[in-house]
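Dropping the structures in below, format is structure tokens.
Next come two complexes built around chain A: one with chain B, the other with chain C.
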Partner chain A sequence: MGAFRLMPFTRVHQNVREYEVFARKARVDSLRQVGSVVAPDDDLARAYARATYDEERWIEMVIVPKESMISLWAPGEDEP
Partner chain B sequence: MRYAEWCTAAPSLEADIAAAAMGLDDLGHSRVLYGCLKELPDGESVDEGTYTNVRYLDQPWTDWSQFVAANAVLDTAFTLMIESLAGGNVELLRSRLRKMLQEERYHYLHGRSWLREAPARDAVVSAWGEALEWFGPDGGDVDQLKKAGKIALGVPELRRSLEEKLETNAPSAGIAWDRWNPITRRTSEGGIDQGTLDMLQGLAEKRYMPAGGQRVEV
Partner chain C sequence: MEASNSARLDTLLKRGELIESMSEMTPDYLKELKHTLIVSGDTELISAPAYYLAAKKAPSVNAFMTGIAIIQDELAHAHIAYHILEELGESQEYLIFKRDPKDFRYPYAFDVPLESWTELVTANALYDQAGFNLLGDIHEQCSYGPWKRGLVKVMAEENFHLRNGRNWMKRISQAGGAAKDELQQAVDWMFPLTVEWFGLPDNLKQHSAQLDYRLKGLTNDQLRQAWLSTVVPFLDSIGINAPAHQEGNAWVLNYPFPSTFDADDKRWDFNDPCTWDDVLSRWRARGPRNAEMVALFQESFHKFQVRA
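Up next, the complex of A and B:
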């Protein structure tokens, strides 16, 4: 049976993207990052984000491809 | 239940989690539908001793392609029927099935994407045939309910919508309607084994309860 079989952690997709997941609980809140998912396309990323992070009562959830995020500076770097 | 069996065996960690989440969703949907059945004004009496399922769920799946086909084809067929119920003139169903459809949207996205990723031809043919059996024959009970306005989609619309959703034509499947059972909505005998049924009904968990049936808070 497929269940309860120990399986090494694998990624079957050839081309995957990382998506950052943002959510908020109330209109007055700002969106904040709650995690990330890895998926080969936007639809699967939606499904994975919802499955992984929907335990809380978010009023909004958004995913963003990590590659679309423009970094200004990062830990260990000086502010330009 | 079959989804949940893959919660540690899917091809990626995200797919493991999605399998568990979709399994939980569908158990919840079963509860809502069962509750509706008891409340429908002209509902038939509920025979609590019986259980039936499509043949595809009789045995645990042994290959991920079977999961993908069930998720893409059977779950979408199920969702179309829920859409049909929610779009009919029965107020109870119109109001109560909305959340179910919101959740099923993600099952659909998951199934459709995986179908593109991991073609599952044989499993799809099998699942599709069973979806058609479950919809029922032309001019049968589903079409009668459509005629009465209780549901929004008849059998031809359900079949066509399934093709549209999955962006492909139905595989040709000769269904032996003369063997079709209108109660089980399938042409074959059989079903899930007693152990699986016990798990579905929560009976399998009882052995973990202390004598006297007191719940242990952990």
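Up next, the complex of A and C:
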């Protein structure tokens, strides 16, 4: 958001949410972000994540609504 | 503000750091990044209808399923590029569903219809190899973190498309006879189109902002050479003629580059060399299948749009 969002946009469904997708391949791995999906509800988000990020035989996959992620700090942003 | 942002971007790029946030970019970096992403997203997206129209000619259900799996991969790759563009402030819906077909920025090769299984697998081996070279370079060099990370999946899957194309080409060539002739004919028109794909030669392209910003690492000619160095030996190994040979470390084309192409007949006239201006106007006019392919994914959007 902020000053850099140049063009407002709408979608076919107005009530979609963005979900971040996390997965790991082996038990020794930690969960890492592998991508994101946009869906109108959790069930479709699950289906989209499973179908889209099928490049590995993941042993774990988790999706999180982006709005539920609380950022403490991030590169390029002013420190609190 | 502007000057300090530019200095900060320079410092990050010189240190080999990744750019992670729009606040770290200059307007010009953002513009070049978006342009590179649009070309990538459009190329992945258009390969779906291009491959679909040919996959319908698959020789078996298994072969068809492989074709569909590849198309599903390409759509996911397009999603990655368009989603990043959305995070950078562009409208995904506009980019995919509302643009004029002629405004899409994918390579001209996709506008020439793939009309058989032979042509589809040749596209997997030649076109996807070009995508592999271009995206592999971006994956290694790209200064924009979210894209560099997103390409991990893309590279793994493009590798599978290549293998599929090569296995089938080998099988068709071994069958000999009419099947092998058809394969040679496909290579005859598709090979030079892929050589063209990498764009203007370096001596005509004075300056590349994409290289300055480390959005990619290799020049057009370096990428073209990388492609030739894998494709020509492969074609040799399966007994198919490639119109290029090696001189020292360089790969040299056996025909005038660029040349005139008749898209309707899928035929090159190597006795009629042309200028790059001629090529650029052919690209800008787009080819025979441009509107049909874009309509394939735009039509249902307009039919089923929910009205508030």
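One rule holds for everything that comes next: the second predicted complex is superposed on the first by the 66 of 80 C-alpha atoms of A that agree within 3 Å, B and C clash if a C-alpha of one lies under 4 Å from a C-alpha of the other, contacts with A are read in each partner's own complex, and residues count from 1 in each chain.
Assume a contact is a pair of C-beta atoms (placed from the backbone, for glycine too) under 8 Å apart; a residue touches a chain by one contact, two chains touch by 3 or more.
If you're wondering where the values come from, they're calculated on a predicted model, not measured in any experiment.
When the two complexes are overlaid on their common chain A, residue A:77 makes contact with chain C while staying clear of chain B. Contacts of A:64 after superposition on the shared chain: neither chain B nor chain C is touched.
Residue contacts after overlaying the shared chain place A:31 against neither chain B nor chain C. By the touch criterion defined above, A:52 lies against chain B and chain C together after alignment on the C-alpha atoms of chain A. In the superposition on chain A, A:44 contacts chain B only, with no contact to chain C.
Shared contact residues on chain A (touching chain B in one structure, chain C in the other): 2, 4-7, 9-13, 38, 51-52.
Of all residues in chain C, those touching chain A in their complex are 19-24, 30, 72, 76, 79-80, 83, 86, 88-94, 145, 149-150, 152-153, 156-157, 301, 304-306, 308.
On the side of chain B, the complex with chain A involves touching residues 4-9, 11-15, 17-18, 20-22, 60-62, 67, 106-107, 109-110, 112-114, 116-118. In the complex of the two chains, the chain A residues touching chain B come out as 1-7, 9-13, 37-41, 43-44, 46-48, 50-52, 54.
Note for the complex: chain A touches chain C at residues 2, 4-14, 33-36, 38, 51-53, 55-56, 74-77.
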